[in-house]
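Given below, in the form of structure tokens, are the structures.
In what comes next, chain A is part of two complexes: it sits with chain B in the first one and with chain C in the second one.
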Partner chain A sequence: MSINLNAASFSYLRPKGRVIKAILPTTLSIQPGEFVAVVGANGSGKSTLAKLLNGLLLPTNGEVLIDGHNTKDADNKIFAPRQVGLVFQNPDNQLTATIVEDDVAFGPENLGIPPEEIRARVDRALKTVGMTEFKDKDPHNLSAGQRQKIAVAGILAMEPKYLVMDEPTSMLDPVGRRDILETLSELRQKSSIGIVYITHIIEEIVEADRILVMTEGKITAIGAPREILTDESLMEMASLYVTRPTELARRLAKKGVPVSKDLITVEEVVKELCSLK
Partner chain B sequence: MLIEIEDVSYTYLAGSQAANSALSKASLTIDRGEFIALIGPTGSGKSTLAQVLAGLLRPSFGRVIYEGSDIWEEPKLLSKRRSLTGLVFQEPEKQLFEMTVAEDIAFWPKNLGLGAEEITTRAKSALSAVGLDYELYKDRSPFTLSGGEMRRVAIAGILVMNPKVLIVDEPTVGLDHRGRTGLMDKIQKLNQAGTSIVFVSHDMDTVAEYAQRVILINEGRIIQDSSPREVFRNKEMLNKIGLEVPVATEIGARLREVGYHIAPDPVSVSELEAGILASRGESQR
Partner chain C sequence: MSGRSLALGQYYAAKSPLHALDPRVKLFLSLTIVTALFFVDNLAVLVGAAFLVPVLASVAKVPFKWVLKGVRPLVFILFFTFLIHLFLTEGATLFAIGPLRATGEGLLKGIFYSTRLILVILFSSFITLTTSPVQLADAIESILSPLKVIRFPAHEIALMMTIALRFIPTLLTEAETIMKAQKGRGANFDSGNILKRARSFIPLLIPLFISAFRRADELALAMEARGYAGGSGRTRLHSLKITPRDVAWLFLGLLIIFSVVGLSWRL
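Our next item is the complex of A and B:
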């Protein structure tokens, strides 16, 4: 069981026969229960990769298999998005209804799930994202961040086996962001959901299992957070930034304070500095 | 004083069952050359306040005063007065629609009836303010640009109106690191050249880095209006309403608990670094 890209590539066709190679042949496997972060500059192919993973786009060459099912098979047109839930960058691309709870119910209704089960799932998903008190509102009158939370709830209610999230917290306040990340971490542990998480916010992914760096349609590096986030030339090339804890650790190490210069989280920095006391 | 708002309230869908109060009794003033951050949890009314400040939403109650005159008093003068401010919406690149960058930037000045030469001069300077070369970009379709470039063009489309107050609603969302720092540096340059900035953001580290003044809003009310250091001193309250303090402030507070003498509350990595080094120096003496 896993999502597998086997030399999958994707090209967009533009007017006048121009071809834009968004994803060069890529081989990759995403396991259940794993949190894979995807980072890279604007235009590096992250969002295209996300759409390949759930069958919304079909590879130009190569194949994408979801638990062994090829996304190209007509039979899997419904199966793929059911197994792999995709949360878009912009919530407005996926909001459909004029009442919050109808919107969240839309996905599970299409899966043919019995009404009482849908009710339970919608309540649970809204609670998870902290939007229960807004269940009767019109999403169009809510703020961008609130709409983003509803979009996440809509996908959670489908209870997919894998989640692909394209900057799902870009418009949320810090606590809203933390809540979503904590929810994801619980889902991985409890239900072994595999998560692919695209972001520009490095602080969100310091605890990922793997970080995948994309540059110009290619995966240029893949590794544990500490390995990736302390590789200065890689970070520069992929337009990533050094987190503030790492910046502090490096500055202190330079001034002769005995701390490792490869710290990446607030916790690590606090711990090392405490031990010097 | 450039802008003054007095006891402003705003209710969406006022009078209907779905009425939703977004702003209540907000008062504030904006002076020339200020760099103000507007922070608050998701749904707290930041974007509504930004639109009221920009003269785009008429408050249900209260007054909006630009350079001494109430902008909603005489509707005839509204569009002229409104050009004091420029609002860059969230994801402004979605509002690009012309065939070329030059035409897109010329849209508002054309509407105002400015001459072609004046428009070109302004467009050149607006694009250069966001770090793009007019000659290189003018004939390109906005839709072939990168995300960061598109956003800059959209901002240039507002700057071309020469606003004295530039209001930017989460300008860096979705941009990669280079795009983000590039854009913030351009906004800072505009500020140094005299434009007042109102910067709506969820990124407390960026707020601490750039803003001189922070306005904190929660449930439609302005609950604090002071320096970043003052606002970020109140970590517990900020956490309670959904916000955090900058990373440096957080680490500083935790280190103080174990006996480091770090004061006053650091809001940047360099302040924190200095605090840690000083504290270690003391204890070695």
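Our next item is the complex of A and C:
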């Protein structure tokens, strides 16, 4: 059970026959329960990858298999979104109803689930994101962070096995961002859902299982956070910035302070510095 | 221009018998009430019927003030109706302003017609006050669904309604933001003649349209990602079902309406 990209690639066709290669042939496997982060500059193909993963886009070459089911098969038109949920960047443009619970119900309704089961799923999903008390409210009167949590609940109510999030925090203020991240880490603890998390905020992904770096449509590196985030030349090539703890450790090392250069979190830096004496 | 000024009978979430009533029954009853009001030709009965508004509000658990807010956007029309009757009815002169003569008959007629109009607005606002837009769209879909046989897009129309309602406040907020930004760059929206003012709205409308199209694009994608593939095979969280309680309320409603109309004819 996993999402597999087998030599999958994708090109956008432009008028006048011009072709934009957004994803170059790639082979990749994502397991349930895993937290895979995707980073890369604007236009590096992250959103295209996200849409390939849940069948919104079909690969030009190669194939994408969701638990063994090819997204290209006509029968899987509903199967793909049911298995792989996709949360977009702008919460405003993915909500469909003027009442929170009606919106969360939209996905399960599309799947043809019986009303009593929809009720149960909506309640569960709202509880998971901590928005139960807002179920009768108009999303327009909530904060952007709360609206994004409603969007997440709308996907969770479809009970997918994988959750792809395309820069879900980039339009939120710091409070909303922390809110989404906390919801996410709780979700990881309580369920075995596989998460693909696209972002350009490096601090959000220091605890990922794997980080995937994209440059100009190519997956240029896959590895553990420590491996990726401390690789200076890779980070520079992908136009990514280094986190502040890493930066601090590096500067200290340069000044001759005996600290490791591979630190990525504040806690690690604090621990290392305290053990110096 | 904030979303709140649109409060014409805006939905008020509460748990009440009126909220629980099947929206199709509500639509039918309020249509009957509005029709009935046009058959009442007695001011006293009309004023009596006005006392049903606070009663209905308390049954619906909607604050009376919130109900009255629905009339506010229409105050001008009400006032205009009143003036037309006051000055254009033949009869004994009460007072005159220039060539305009206010008559005693006009005063009575003015009061009668504006009261009727207020009641029409207030009674019909109970539909939107106690029915969420999604439920209302569902009701309309259900009422129109026999027409699906002739390929009438009942589901699509209901969905379009819901989505339009969902995006009105978003786009209004956005219009406000763009307007402020343009004002900051020296744009002027509130002076000059009508033509000039209309023209000053072009730099507001173009970005608003572009953004609306982008939103529509993203929304379509998000809906597809949530498994939307047309109306067939969909289930509903709140599926509409007429219960014995709905029938009881329907008859109670009809009874009250017909007694009021009957009373006005007897008098």
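Quick note on the criterion: the second predicted complex is superposed on the first by the 250 of 277 C-alpha atoms of A that agree within 3 Å, B and C clash if a C-alpha of one lies under 4 Å from a C-alpha of the other, contacts with A are read in each partner's own complex, and residues count from 1 in each chain.
Throughout what follows, a contact is a pair of C-beta atoms (placed from the backbone, for glycine too) under 8 Å apart; a residue touches a chain by one contact, two chains touch by 3 or more.
This structure is a prediction, so every number in the text was calculated from the model and none was measured.
When the shared chain is aligned, chain C comes close enough to touch A:Gly154, but chain B does not. By the touch criterion stated above, A:Gly43 is placed in contact with chain B alone, chain C being left untouched.
In the superposition on chain A, A:Gly107 contacts chain C only, with no contact to chain B. Look at A:Asn90: by the touch rule set out above, it reaches both chain B and chain C. Shared-chain residue A:Ser233: touches no atom of chain B or chain C.
Across the superposed pair, chain B and chain C both touch chain A at residues 90, 137-138.
Residues 12-13, 18, 20, 40-43, 47, 90-91, 146-148, 170, 173-181, 202, 204-205, 239, 242-244, 246-248, 250-251, 254-255, 258-260, 269-270, 272-273, 276-277, 280 of chain B touch chain A in their complex.
On the side of chain C, the complex with chain A involves touching residues 3, 11, 13, 132-134, 162-163, 165-166, 169-170, 215, 218-219, 221-229, 233-239. Put simply, chain A touches chain B in their complex at residues 40-43, 89-90, 137-138, 141-146, 149, 167, 170-177, 200, 203, 239-241, 243-245, 247-248, 251-252, 255, 257, 266, 269-270, 273-274, 276-277.
On the side of chain A, the complex with chain C involves touching residues 51, 54, 56, 77-78, 81-82, 85-86, 88, 90, 92-99, 101-102, 105-115, 118-119, 122, 136-138, 140, 154-155, 158.
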